[in-house]
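Each of the next two complexes has chain A plus one more chain, namely chain B in the first and chain C in the second.
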Partner chain A sequence: MTMHSGRGFAAINYPIGMNLGGDPSQALVHSNPDGKFMVTLSSIDLGQGMKSVTRQIAAEALGIPVEDVYVDTADSDTGPHCMGSFASRGTHRVGNAVIAAATEARGVMLDAAAEELEVNPEDLETDGRGNIHVKGAPSRSITSAEACGAAQFKQGKTVSGRGIFLIPTSDVNPETGEMTPVSCFAHAALVVDIEVDDETGEVLVKDMQSAYEVGRALNPKLVEQQLIGGAWMGMSHALYETTEPHYPERDNGPVDFNEYLMPGPGNVVPHHISVLERPAPDAPFGGKGPGEMCANPVLPAMANAVYNAVGVRVDELPITPEKILRGIKANGGARPQGRPGQH
Partner chain B sequence: MSKVPVQLTLNGSDRSVFVDPGQNLLDVLRRSLGDLTPKYGCGQGTCGCCTVMIDGETRLSCLTLAESVDGCSVETVAGIGEGAQLHELQTAFMEHFAAQCGFCTTGMLMSAKHLLDNNPSPTRDDVVEAISGNICRCTGYEPIINAILDVAARRGSGRHTS
Partner chain C sequence: MIEFRKDLFADERDDNLNEVGQPTRRQDILGHVTGRSPFFDDHQFDGLTHLKCVRSPHHRARIRHVDTSAAERMPGVHRVLTERDIPVNRNTLLALINFGKDDEPVLASGQVNYVGDPVVAVIADTERQARDACAAVRVDYEVLPHVLDPEEALLPDAPVVNETYPNNSFDYHEKYDHQKLRFGDVQSAFATADKIVEARYQMSPIEHAPTETNGCIAVAETNDRIACYTSTQALFFSLGTVAKVLDISTARLHFVGGTVGGGFGGKVDTVVEPLAILGCLLTGRPVRFVYDRQEEMQVSSPRGAERWYIKDGVMNDGRIVAREFRGYFDGGAYTRLSSYAVIKGTAHLPGPYTIPNVSSNVYGVYTNRTPASAMRGFGITGVDFAIECQMDRVAEAVGMDPVELRLLNAYRDGDMKAHRREAKNCALIECMQVAAEKSGWAISDEFKKLSSLSGGGGERAIIPHTVTDEHGKIGSSRAPGNTIPGSGYQPAAAPSLAAAASTTYTAAPAASPMPASAPAPTHAPVSSQPPATQAPPSRTPVRPGASSAPGGTVNADSATRPATPPPSAPASRPATSARPRNNNRFSSLFGTRRR
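So, the complex of A and B:
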């Protein structure tokens, strides 16, 4: 038995949102009389942080503290329509809808404040700490809670806003094939180091190094969390997981966790992540979101690493020991490819 | 079939409940006793979401006959903190972002608590072993392992206050 080390690299562009557009998301924002704002959505927080990030976005757009914003989401009986949490679209699509709704609500809040302060709404600004004051004259101020209270109890105004963000469907030009498939891309590059056992075909993942470009990381800790977990899923898809091991035959697939193979806490791989920020112009405060991309580069990088280690090109996922061993056998033995500069 | 009376201590309180013969403890905790912290993931002992402690030992409540806990002490995540005061493991899970969807979290916390109750200075391998029956689909485990090791380290260095 010999262990062969291999290194694989992959770089990807990942489109944000549905490939040909036509995927709207909506948001409603309203204030309660105490100046706390409610953001109503139908977008699901799967654990990726949708509620946290839409709360931040709403607070920023309203100009009030994040503590004063609540997000009520995932109830399609009460929330406005959303296409859903998929295609890495949440931060971008929903975030833009939230900005639109919050901007409209902010306008009403400033109108109400202007009426109370007897000034022009254009002359007002928010300090992000719950105060609205006249530009250049911070002493002429009113709290956002007072402004919202006055709107609802004196002036008879709802402090509310509606938002929708839609990338229209892009039809393919039948003559040229031209289309506008997406609004923006996120990017990633990943290097994985592995060892392959040429007797058992088993892959030992040693280390991952990656760089992810996600637009602005609106909540850096959530981004990091999602990248760590997502890359682990990528490793799992690359080496372990499948519901149809004999595809296209659907027989003998796993039916429960006893048979469905996935890595456990003993298979954690050291992973060094760099997050690069290139704010996207059409994204909410520049944030595109890591989404599905956090898993994707691991798969091609792993396939390349296996080839580098033993010279076997596995083009079906997952890359199981059986497939690797069959490849080694067909080649008449392991054929380590080496690396530039290595002998 | 007639119901069976079961008396148990749930997180320190005496509770009595009628259960169906053959009913599992997870079902009784969630439906009859109103403790929703243990989760139903698989119902067949493979995911660990339903982990509770029975007389100080971790058990999968989906595979435990409710009748069998008559006279036992059952602990769940609902009882590990005190009122609004979170358990230090809960705090560490928050600080390390060790929960995303949160579905595995209560089971993880019970496995982690059992480990630290019995082994105050676990190695990383001990932690891995302790949570190896708990599946997490979101975090990649690393933040969970780090959170548990962090609590052990803090306790060891005397910075533990509660």
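So, the complex of A and C:
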């Protein structure tokens, strides 16, 4: 038995939002008289942090502290229409709708503040800490709560806003495939280091080093959570998972987690992530959705690492010990390719 | 563990924001970590009933007779539902955006088309009673031939999986049995390429494996409305689907979602809500329909299988001058969202690289297996696996470092993509540079200096003269005598393909070892595949009286088009160096030239 080291690389890009557009999302924003804002959506938080990201986007666009914003979502009686949480569309589509709604609500809030301060609304700015003041004269100020209270009880204004984001549906040319699929792309590159046991065919993942470009990390902790989890899923897809282990035959399909294999907590490997941020022009504060794409580079990088380790190309996922061993056998033994990138 | 490279693209970013960019704690995290966040199944109702389905044990069978009389007399049973109870028993998810034909029944009507296809639904006081009653339903099946391999499904004699699409493939633009992508002239470029690299890739179905399985609870509200607490990922999508198949006003539906116990794309299909709501309407009782783990694993739609054939033409200096794809999305028995994945996948080709000649035919195929649907990376994950394995093969074929090969071919701002839109906001090169640097993967200085912001556009932005064809019209691949799955026309020089296509894929070795000591490839295809699984050597249509030479190009309207200009490097260009030198500028049209 020999353990062979292998290193593999892959790079990808990923389209953000529903392909061909035509997938609107709406947002409503309104304030109570105490300056607390509610963002109302029907989008679904799958655990990815949709509610938190839209909350931060709303606070930024309103110019008030995040503590003064709450996001309510996923009730068809109260939330305005949204296509749903898929296709990496949440941050991009819903985020843009929230910016539109929050911008309109901010305008009313500044109008109300201007009336109280007896200035032009164009001369006002927010400090992000709950105050609205005259540009260059911070002492001439009013809190956002006071402005919203005046709007409600003195001026008869609704501090509210409506937002929708829609990319019109693109046609597809039947002859050439010409189309406008999406408006922005996320990017990634990843190096994986593994060891392959030439007796059992098992792959031991040692380490991952990656660079993910996400437009803007709207919440760096949520980005980290997504990238770590997504890369783990990519590792799992590469080496373990399938509902049909003998595809296209359907026999021996797993029916529970005893049979459906996935790496356990002990298989979580060190993952050194670099986040790059090149803001997308039409994305909310430039942020692209990192959720889907982060798994994708791991699968081919793993296959390339296996080849590097033992000289076997496994072109059918998942890369099981059986496939690796059959390949080693067909080659008459393991054929390590040597560590790449050493010139 | 994580670093933020604020030094890169800094001048394109305003980092002076108040809330965006902060690691703010999630609004809902305390509920999640203390077990107090309400999921759909945390809603409790008096008189809750449970729904379970009788499912097909066969890949494909005609239903001769269904006898539910014994089940209806079982203890605790409130109602047994069959296809006759479904007001509009035919739907397709993307009908909501006018894409595709209604092809999937809520409960099987006359025929089952995959193992797990629901036939009868039983509503009872307890799950156990519902299961026992399901076991008492008698279904008389006449087992029919089935097809599981997507390429076999496109052969003329394959059983029809889905009567709405009798050719076993989704209809594109009411014209073709696949989605085409045509950019430039791959055949001419192959003829002038230094090397051809071909391979076949495949991804088996993958389960979303959420902690919380697909499920919902439907309960009557006042005012003749129904509330549905659901795990859906797409609230209004699901609401609209239910209104359609139950033929009721959306005003009568109140959907409540929210916290979802893992989605990953597997909760867009709206498979539980229609039956639960119908059950509630018919019994007046709250109805809970939740997949058990076995159903989640084998009946709920997985990430569908994909099979890809890639053929690259590459110059000795590493420039890929032509890339051709043939792809199959195995959609299973019904369309769901696979038709969409085909187009999304097509738009993604040829990957994040600027290649001057690209062609692809991508098929959405029906087979007698669990319908596939969306999953994280939908339409992209499988082909990215193929493309990025292929890039390593190409690098080996030309003796180049795989990272440098990718950097050489990477797309940049201003380049023209194969779907004819200009690339912008690119960052692939920078990601590769950062990953290589941090992992100690040495790349040459010239590649360290590359940038997504420069060197793109110009000649790389030109849409080349493009060869088109009209092969693969709807129904043509199933025409008698056709032997290349999906091709719609006969092979010129591959007489053994018919037999191979029906036998090779199931019998192929699980791994495709490539000898490490293989000699440097020449014009021979670099492929570890058995010959029968390679892309057809020729796609020339057989015309009566016409001789079709192997390697000929397909160009149905060649008579009406001007001759194709040379798409790739001139033959006079020396191809002695395996690696481009400093100051060389990659030109997609005229090869590498000195600045």
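In this text, the second predicted complex is superposed on the first by the 331 of 343 C-alpha atoms of A that agree within 3 Å, B and C clash if a C-alpha of one lies under 4 Å from a C-alpha of the other, contacts with A are read in each partner's own complex, and residues count from 1 in each chain.
Criterion: a contact is a pair of C-beta atoms (placed from the backbone, for glycine too) under 8 Å apart; a residue touches a chain by one contact, two chains touch by 3 or more.
Treat the numbers as computed from the prediction; the structure is a model and nothing was measured.
Enquirer: Under the stated touch criterion, which partner chain does A:Cys184 make contact with: chain B (first), chain C (second), both, or neither?
Expert: second
Enquirer: Given the touch rule stated above, what does A:Ile44 touch, chain B (first), chain C (second), both, or neither?
Expert: In the superposition, A:Ile44 contacts chain C only.
Enquirer: Look at A:Glu122 in the shared chain and tell me whether it touches chain B only, chain C only, both, or neither; answer first, second, both or neither.
Expert: In the superposition, A:Glu122 contacts neither chain B nor chain C.
Enquirer: Touching A:Met83 in the superposition: chain B (first), chain C (second), both, neither?
Expert: Only chain C; A:Met83 stays clear of chain B.
Enquirer: One more residue to check, A:Asp251. First (chain B), second (chain C), both or neither?
Expert: neither
Enquirer: More residues of chain A are touched by which chain, chain B or chain C?
Expert: After superposing on chain A, more of chain A is contacted by C.
Enquirer: In the overlaid three-chain picture, which partner chain does A:Pro265 touch, first (chain B) or second (chain C), both, or neither?
Expert: first
Enquirer: Tell me the contact category for A:Lys221 with respect to chain B and chain C: first, second, both or neither.
Expert: So A:Lys221 meets both chain B and chain C here.
Enquirer: Examine A:Ala231 and indicate which partner it touches, taking first as chain B and second as chain C; both and neither are also allowed.
Expert: After superposition on chain A, A:Ala231 lies in contact with chain B alone.
Enquirer: Just which bits of chain A does chain B share with chain C as contact spots?
Expert: Common to the two interfaces on chain A: residues 46-47, 49, 221-222, 224, 230, 233, 256-257, 262, 271.
Enquirer: Using the touch rule from the top, collect the residues of chain B that touch chain A in their complex.
Expert: For this pair, the touching residues of chain B are 42, 44, 46-47, 97, 99-102, 127-128, 131-132, 134-145.
Enquirer: Contact residues on chain A for chain B in the complex?
Expert: 46-49, 221-222, 224-226, 228-233, 256-258, 262, 264-266, 268, 271
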